[in-house]
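In this document, chain identifiers A, B, C and D correspond to the written order of the chains, with residue numbering beginning at 1 in each.
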Amino acid sequence: MPTNAPLNRKLRMGLIGGGQGSFIGRVHATAAVLDNRAALVAGALSSDAARAKASAADYDIAEERAYTSFKEMAAAEKKRPDPVDFVSVATPNHTHFEIAKTFAEAGFNVICDKPLTFDLAQAEELLKVVEKSGVVFAVTHNYTGYPLVRQAREMVLNGELGEINAVRSNYIQGWLRTRLESDNQKQAAWRTDPSKSGIAGCFGDIGTHAYNLGRYITGLQPKQISCLLKVFVEGRALDDYGVAAVRFENGALGTVTASQISHGRENDLFIEVDGTKAALEWHQEEPNKLIVRKNGEPHKIYTRNGGPYLGAAAGAASRLPSGHPEAFFEAFANVYTTAYDAMVKRAAGQSFETTNTVYPNVYDGVEGMLFITKCVESSKADGGWVPFRHPKSRA
Amino acid sequence: MPTNAPLNRKLRMGLIGGGQGSFIGRVHATAAVLDNRAALVAGALSSDAARAKASAADYDIAEERAYTSFKEMAAAEKKRPDPVDFVSVATPNHTHFEIAKTFAEAGFNVICDKPLTFDLAQAEELLKVVEKSGVVFAVTHNYTGYPLVRQAREMVLNGELGEINAVRSNYIQGWLRTRLESDNQKQAAWRTDPSKSGIAGCFGDIGTHAYNLGRYITGLQPKQISCLLKVFVEGRALDDYGVAAVRFENGALGTVTASQISHGRENDLFIEVDGTKAALEWHQEEPNKLIVRKNGEPHKIYTRNGGPYLGAAAGAASRLPSGHPEAFFEAFANVYTTAYDAMVKRAAGQSFETTNTVYPNVYDGVEGMLFITKCVESSKADGGWVPFRHPKSRA
Amino acid sequence: MPTNAPLNRKLRMGLIGGGQGSFIGRVHATAAVLDNRAALVAGALSSDAARAKASAADYDIAEERAYTSFKEMAAAEKKRPDPVDFVSVATPNHTHFEIAKTFAEAGFNVICDKPLTFDLAQAEELLKVVEKSGVVFAVTHNYTGYPLVRQAREMVLNGELGEINAVRSNYIQGWLRTRLESDNQKQAAWRTDPSKSGIAGCFGDIGTHAYNLGRYITGLQPKQISCLLKVFVEGRALDDYGVAAVRFENGALGTVTASQISHGRENDLFIEVDGTKAALEWHQEEPNKLIVRKNGEPHKIYTRNGGPYLGAAAGAASRLPSGHPEAFFEAFANVYTTAYDAMVKRAAGQSFETTNTVYPNVYDGVEGMLFITKCVESSKADGGWVPFRHPKSRA
Amino acid sequence: MPTNAPLNRKLRMGLIGGGQGSFIGRVHATAAVLDNRAALVAGALSSDAARAKASAADYDIAEERAYTSFKEMAAAEKKRPDPVDFVSVATPNHTHFEIAKTFAEAGFNVICDKPLTFDLAQAEELLKVVEKSGVVFAVTHNYTGYPLVRQAREMVLNGELGEINAVRSNYIQGWLRTRLESDNQKQAAWRTDPSKSGIAGCFGDIGTHAYNLGRYITGLQPKQISCLLKVFVEGRALDDYGVAAVRFENGALGTVTASQISHGRENDLFIEVDGTKAALEWHQEEPNKLIVRKNGEPHKIYTRNGGPYLGAAAGAASRLPSGHPEAFFEAFANVYTTAYDAMVKRAAGQSFETTNTVYPNVYDGVEGMLFITKCVESSKADGGWVPFRHPKSRA
């Protein structure tokens, strides 16, 4: 560590967004350097020039690389002998597209927050740019970074669960139970504003995570979707609750439930996967445990780094012995470090996987936008089935 | 105890079904006498005459009251000076109707296993009989008998949860993961046989329980339902998995998920209720705890008989101090004892509640049959919405 | 059921204590008949004659067998053609000895509440009587009746845990946190009164259960004990908190912790057993789960009736499929039913096990009194070690 | 953030130990910079010169500040215009003293791993050095850094628990169940070697953590201790299991249980605190929850950053919204950041708290050594009571 061989140096990171008052920018910056494989060296931290400059010191970004616009940054970094290797996009949804496109076109690797873009059209266009550019592009569906989520994925891939029949994904929160947005709470304000968040609220923000988690673990291809979106808090413009059913191509049935109006629930993303040979259960709020069940056997609790019964993925994503809990930051960092592996290969001119990557990628991002689009479409059609499958999505 | 005042004696019970090899008959017999308010004195324990006679001794039923047919029993008991006060119907689904009808018409109170009948038409006919007869009629949706389920109901009725927005009911089992019925496993055989179980498998057996639990706790009136039923085990005739969405009249959204193919899951009925003021969570496998949540407050765990913060219902349904766990039999018994209260009133010529009873009643039974019927109808229509509301269902 | 073959009839039960206002008498009466293998036919329900008579109806005891003194009862039953087969002693501690002795001497089997007697001398004398009489004698250390406790015992006996090194038994309650006894709360009053409870309070009432549970599961023989008893509530005469260390003969170390002053704790008896091959953990408040751990393997949760991985004992003590929780009453009933097996053998003139019985027996009762005595002795000696081993205790 | 105002710059960190193959050195380095308030700039990473040099690159330490001995480092840094502000000592126990003393005498702040020194005499001597020097000195009893542990401490200090009666601290592991040290497992080898670990094994390594946690939360002063240490794995030189009882000056009774031989247990540090007004329970393996109980009220689960019911300490130690779990690294970092606050004050010539600090300090370190010493003394005296109180320990 830094184990960026054969690059033999730390990766240079640029940050877009994350200026003073930001929450997720700080999470990116912390996670990106957790393993000392990257250093944050440049940024366009705010669209407000003064704030952009003022925020740079918080991140130890040298004044000359504290840009006041991402366009300026892309141009300037391009000319440097030591340009950034990648940029992290930690701005509100509606700005992702232009930023990510600019950097990808300029040949920079990109780590982009989710949802990928403001709408599906942007996502498809961005996908073309990324494919053409050949850059590494990760999307921070960060919950895929948990070691035991990767263990779950490995078990499905290995066939330990048999054929998958059912996937129940849930993401239950309560923080939007009241109309916080009318109190000018900043997070609530933009997330419930269609001009910033896009066509979906709860389902765009967290429904996509729940859906993505099931897809990441199982690799099942969707075929059709039926969705019901609800607004329970009066006066709100976007959904704050919803359920969806997904028919997968193998005949499996998935359900996605997302709520932001369940009193006292914090960040309760949980998933159950039923296979013909075994079943799994995992909860994000207790991420160091994975429950594995088989008829006629005791329920088994796998622990994060708990022993040789685990596959390679969980251990590779762990930093501490089992019993020493790891959590949100480490999972976020795992998305980064697996993307770093690809960046290093790219820098060394080696080939690298682009679709079925360990980290969530641009295809997952596009599929997320498709999911949002189809959910809204179905909900408007009273929950009618709509075809749902992206031709390039991961297996 | 027996606290059957003003009747001033124990109630006399008759049992239909429950012969040697039966499971649920023994549960009825145990639960019915747990509090010493009733005694089992007569029975038509089997349609096989020899087995009916042989089984009587197991229950201390005198030979003269060990009948070989329920019709004979109804007639004979009618003539006795000390006839049974009620009969418990613990036979397979397809026989409920004729038995229950016979006894109700003869003026006997009835405790009937669920689902109420083989099909909806029978249920509606039975309802008329019951209404005309004036007998007490309970249906063993036994999970409503758990003290903390009754506490949950009381909290909703009291307005402690505010307006209800969402109800998520789940009943997850794994025992039909393999095709047990082809191994002649008796329980599996009749439950997966349309000629005995009716039009639904998993949803008839346990989906109805999950739906009923949400209705019992919230009193919300349904308006429309959309349902998807699946058969995952090859060669099976009836559904072994399903999901339904229910639109309630107040705008709330309910979901019902039922599975019999989830490896290692035993009898995992659980429910979450979201109100504008608070939210609840309860799990049948840990029935002595109820989780109550409110934004900005600690999560609270109510315990069965845990203190003055509970309403009257939980304590009334408890026999032991908190920390001394109670479980399945006691909940089953609570359905009985609350029905006994009504039977005693009836015997004393007093009026008694028939619709919004503490015990699940014939209206709940009919609504369960309607639920099954509408689920199958919707599923055949690819999950399309179908109107769903019984004019007489409980509030 | 009743499966009292070769006796071919239900056992006849007599109850001493349990008059109106009693708690534990009702528990005995309920548990004893849960499986329909016994019927309560006689009683000396109260030392108050009027109350004795009045209470009889609650239990359906015929007036002629509703005695007003246990001595009268023993004499009268002795003369009957259909005398009781056993009596259950559910009176306060200080009266156990005389009652149990009377019935054992008269040849009646006895099920006695714990602690066995008021003091050790009584216990030793009673033991002699029991041995001489040849009656079946059980002591209701009821927690040994839980199916998964018996599973734990079976696993230790089978060597699945290897050599036992450590046993940590805990029994944590909170109900005596305040000085309830000064409010005339009946349970609190006699349990904190040395003239009724004997020399120990918390340790006599629940410390003995915790100790017994470890002994029952492991069969380890004690050698020495060190104990510290505390009175935390001002003005209380007996201990309300205590810890003990037990050195076992094989070199293992046991600890017993008991509290009645831990806010909000209800009846939290839990135990951990460490063996060289595996370790166990069990909690009375979640009795349907047993946690089994082995280095390098997932944690395993055994469920009550969960499958073929269990030994014979758990299934034999279960009445319902796994997932249908059983609890306190059923465990209590299991003590009874295993004692019934011995009573039936005795009645049939067959030999039966007396020391290492599945039910807790008179030797366990005597050892409990020895435990209390030695704990108090050690505590008075500032926690000094005192020899501790009964020559006849179970293996 | 670096929020190191009024210093207005990041703190400069030096690391002693942590060379390739080290575990805890990497933890220190990660935790120290997690909030970007410090940068690692110098190190004496190994006593092996080649390894020291080779390891420097892993931490981005410039070659000129990659020292091959801590003495050289202290001397060289002293002369620099930009010397390190503090050093972290992450070497085996037996080397702590000389290193910490050297740096403290030279005026550098020190963050030292625990146990503080090899023996008590060293600890007392080091204490004098620290007091004389006026440096900030923290000891990484890292579990005190968990937000909800600090919440617990705040609740006790605020009187929310009333008078404390009992503290039960437990630290249960299983990794030394077999004689790993004979397989040359590095961690096992030095931790079971008296020449490296000192006079205690399990109790020195983790018993001290458990004891410290109780002291940190309650502030109770000890008076006497009784301890039993056991070696269960044949051939091992130091204890691998033990229990201790602590009499506190206010009459409370504490118990400390530590095990390294409990199969499958990972890092199960947990504590229960009983006060006259309320009781607490916390588990390190589920650190984002604190259970608070009061008779007659529901059990309450406080979550890490869960709302206004929490005091100031928990929020100040949190980086993420509740429901986004934080874990081991963040707690470790919290020890650092609270020590940084003191370092900044010292650098600015301001006064700062030295005894009752939020971070564990040199007095806690000395008390830990005293605890080990007295435990071994008592255990050798067959568990006899020994006086136990350090004159300068925290309140």
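Here is the rule we use: a residue touches a chain if its C-beta (ideal position, glycine included) is under 8 Å from a C-beta of that chain, and two chains touch if they have at least 3 such contacts.
Being a predicted model, the structure only gives us computed values, none of them experimental.
S.K.: Would you mind telling me which chain pair, A-D or A-C, is linked by more contacting C-beta pairs?
M.R.: A-D
S.K.: Looking at CA centres, what chain is most distant from chain A?
M.R.: Between chain A and the rest, the longest centre separation is with C.
S.K.: Please tell me the distance, in whole Å, between the geometric centres of chain A and chain B computed from their C-alpha atoms.
M.R.: Here the centre of chain B sits 44 Å away from the centre of chain A.
S.K.: Report, in whole Å, the distance between the mean C-alpha point of chain A and the mean C-alpha point of chain D.
M.R.: 35
S.K.: Return the distance between the CA-based centres of chain A and chain C, expressed in whole Å.
M.R.: Chain centroid spacing, chain A to chain C, equals 56 Å.
S.K.: Quick one: which residues in chain A touch 2 or more of the other chains?
M.R.: Only 175, 265, 295, 297, 299, 303, 306 qualify.
S.K.: Spell out the part of chain B that touches chain C in their complex, as residue ranges.
M.R.: Result: residues 1-2, 10, 26-27, 29-30, 34, 36, 58-60, 173, 175, 265-268, 284-288, 303, 306, 319-330 of chain B touch chain C.
S.K.: Write out the stretch or stretches of chain B touching chain D in their complex.
M.R.: It is residues 292, 295-303, 306-309 of chain B that touch chain D.
S.K.: Where on chain D does chain C make contact in their complex?
M.R.: Contacts found on chain D: 165-166, 168, 172, 174-175, 177-178, 226, 228, 230, 232, 241, 243, 245, 253, 255, 257, 259, 261-265, 272, 274-279, 293-295, 297, 299, 382-385.
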